[in-house]
């Protein structure tokens, strides 16, 4: 790994803390907790997401504008039409927004509206895209490819950093394996190894690893205990109506409850949860 | 999974608690924490293991009598010659002893000297061995095969249970994958799914998953946070002199420190560590 | 691989030819072609198998006495009750018989009645079984484990050879992978590598690799073109009535047709098909 | 697979034959045999490739202009500077030229100079690229992703076809697995399944599957025996001087000899080799 000049650790305690926006950071003591639906569907959906999640320690919102779908005939996302919803969600929630881009064209459309640009698993080695993202100054959430090695993931980060953008956040999201009980196998050993090898923050996406809602809380707690710098979790106001990935989406209250349950684990490993943006109405009463 | 009549859960809170020996149990609130070397090498080694680990919350000791080695020319374990060491270790430590058997012949030799009989990954579907173990009344630690599905693991447990022995403890120990950064990939999703599907206790072996000592503490904490009922971890008085698996063995003080660090995680998920057998000398002073 | 003293090649053209029985050999110019059902079910079934296959170039018959089944409640084979059927099949067909043993007990029961003793995938690293087989003088058909490396397979052969029995036939039968289109992934690269590394004959089992009858002819032709020394293929008089592995069994005429189609491929790589034991009735007319 | 409206077979004998250029086709009786180096390095290299390969049944030439390299600091290909070499090679050899594009920018640069546009494994699900290729009228060589399912591969083809370009050639090139003996595992079962499911031609790339030159001839023969419509094989005038993938490149004479050895296999499965463009000098004498 001599080649990962920029991504590799220079000394044992070398840790990068990346500013997302305002006081939202990743890589320090406070966790980055991202929640939201697979795809942006309409304004009401995202308003509800913003309203409920802002009462929890979730401190960033996700929602797909451009959706990489296995079939060309499946819903491909709202694209540019979703940008007003993104802007409204950011305004209502006061939280940064994360969404995936799959090409330079997407980047041109969405750059000014997003706080974190996500590279999906299928594009982890889309080197032309990585180079283009390296020329922006936005934080990049780089998801591990479906069966990428740890070295390949670090070198994909290096592609972005070599172009000048060092704000790369790595993300373990499960690797492909033979057992059909879960969609993928969450590789927390990779999280531990990444923290040994690089100074970059490492998030975990338990939703795409599990592919089923019931074990996401267990995997989320495991990820934080393992040293992850945060989580990105799918949630939807009405999961069974979700246009994609319905089986793995939590309800919004389930996500809030899960996030709440992380507090003891986070403390046990020297981390803390972000303060909620808003006090839940029922507690005011 | 209709076929797993005995292993599967009958209702959501169906959890078996298995008595190991004395007040040592697994499957309840208190964790089962097993430590010790890959192979029993000599009396001094095991006395040192017993002495040091009894000052920690480790509550069972492991050590291989019969070693399944990839090469026929590698050290195959002390076999029957190691039994006096097993007995001495049990006496000194006051803790139950865990060791692997690979055939009915091994079982005849070791049955009376062991508190938990381990089935190794390579023998998870050695059905003749499973049937023989089903006719004993000792707890069985059944390790997941190198690339077994969760269903295959549960049905291997069912082979033992169908013969009359329902004291089966499942163990996730990593599955084979493509990345050479770790020896195997620890599949904590399997732990969560097993806890959904069966009432049997589930342990985690982070040592064989990692194959490297440095990430074992992170994986151990993740396993407990995920809901595992305990851990089995390799440690050796002088890891670099270990006759097998040297790279993944912790030193005894490293293991004690790791176990100590589990306390906060265990509490956060409603579990507790066993009380140490002995107060460390330095704390008396 | 310095450790595989006995199994590894000593020079580039080092090739072992193993006598099975009579003029049936494996590892020379003539291929070893084994056909028959997954499990021995009754006398009529095996008589029909013997009758039809003896008109083809099939030169050995398979049929399971002891079946390693994932579930303890599935049919486990006729066991010792099937031995008279084995003897009758050998007599009628004039062909050697291949069947799996899973323990020393099985070996004691079946040794005198079988011409090739098979070690199944689940037992490739059942070292106590391998050692017991090494003390016999029968050819051993050693199947690759479900996710064994090539090195592990060669060292499993070495376990048998180190006990004195050098008549080991290796068998590639597909490795576990993520795609559900086929039961396993046939790894013909392993066949080519095994032929580079060892002097032992290498068979291919396309049936367990495919798990579906329709692609078995293509895989069989590929295996011979790749340099395999023979094939072991499942066939049944009435596949849909097979008690196990029904989807992957060919009908007996399909197997005969497939074997016939291998002739041109075999010649193209300098090999030959065995002569049929019997001239088909219709050709006499 | 109802979704693959365009790619799936409509009836058992539904087979597409695609015109590459002149009388070069793929999907009919005659095989498509592509050879050449991983990367275009200089004019002399490609002239030598053209000169030697035109004496064999190789009927198309490959050479990378844009190289997807794991590290950003590795040689990334000559890019647009290599186009004059491509043109000269086409002229000298009289053969179509195959090269990979990784983005719309690459496509704009190279479209007019290439006869087949290759999509590499890393970009199999780069859907924006697939859509752009679907708007061209050039044949597309679509390589299977590193751990793509067969269904995902077919639906990636469907992305291209849904935009109007039905000239898609599928390519199996090995999938990622755990054994380090070969770079990847060649999945010939996938070739057989693809031929059952779609009408599209299917090539095999034994070079990237093997990652080592010594077993490429065996895998090539296996692929043709299995029903593949052709091969794409790496060869270099001086493999040890190759800037990338040196271990898997054949010498040019080795490739010619390998292609020659395919003749008997091809005939045995009802296929034929293309006629050489040029009679080798030594045979004229």
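For clarity, chains are labelled A, B, C and D in written order, and residue numbers in each chain start from 1.
Keep in mind that, in the parts below, contacts are C-beta pairs under 8 Å (C-beta built on N, C-alpha and C of every residue); 3 or more make two chains touch, one makes a residue touch a chain.
As the structure is a prediction and not an experimental result, all values here were calculated from the model.
Participant: What chain lies farthest away from chain D once each centre is taken as the mean of the Cα atoms?
Facilitator: So the chain farthest away from chain D turns out to be B.
Participant: Applying the document's contact definition, name the chain pair with more C-beta pairs in contact, C-D or A-C.
Facilitator: Pair with the higher count of C-beta contacts: C-D.
Participant: Taking each chain's centre as the mean of its CA atoms, how far is chain C from chain D in angstrom?
Facilitator: 35
Participant: Using CA atom averages as chain centres, what separation in Å is found between chain A and chain C?
Facilitator: Averaging C-alpha atoms per chain gives centres 49 Å apart.
Participant: Return the residues of chain D touching two or more other chains; collapse runs of consecutive numbers into ranges.
Facilitator: 147, 151, 176-178, 180
Participant: Contact residues on chain D for chain B in the complex?
Facilitator: 176-178, 180
Participant: Using the touch rule from the top, collect the residues of chain B that touch chain A in their complex.
Facilitator: Going by the criterion above, the answer is residues 147, 149-151, 174-175, 177-182, 185-193, 195-196, 209-210, 214-215, 218-219, 221-227, 263-265, 267-269.
Participant: Within the complex, which stretch of chain A touches chain D?
Facilitator: Against chain D, chain A makes touches at 3, 5, 68-74, 102-106, 122-123, 125-129, 145-147, 151-152, 155, 158-159, 162, 176.
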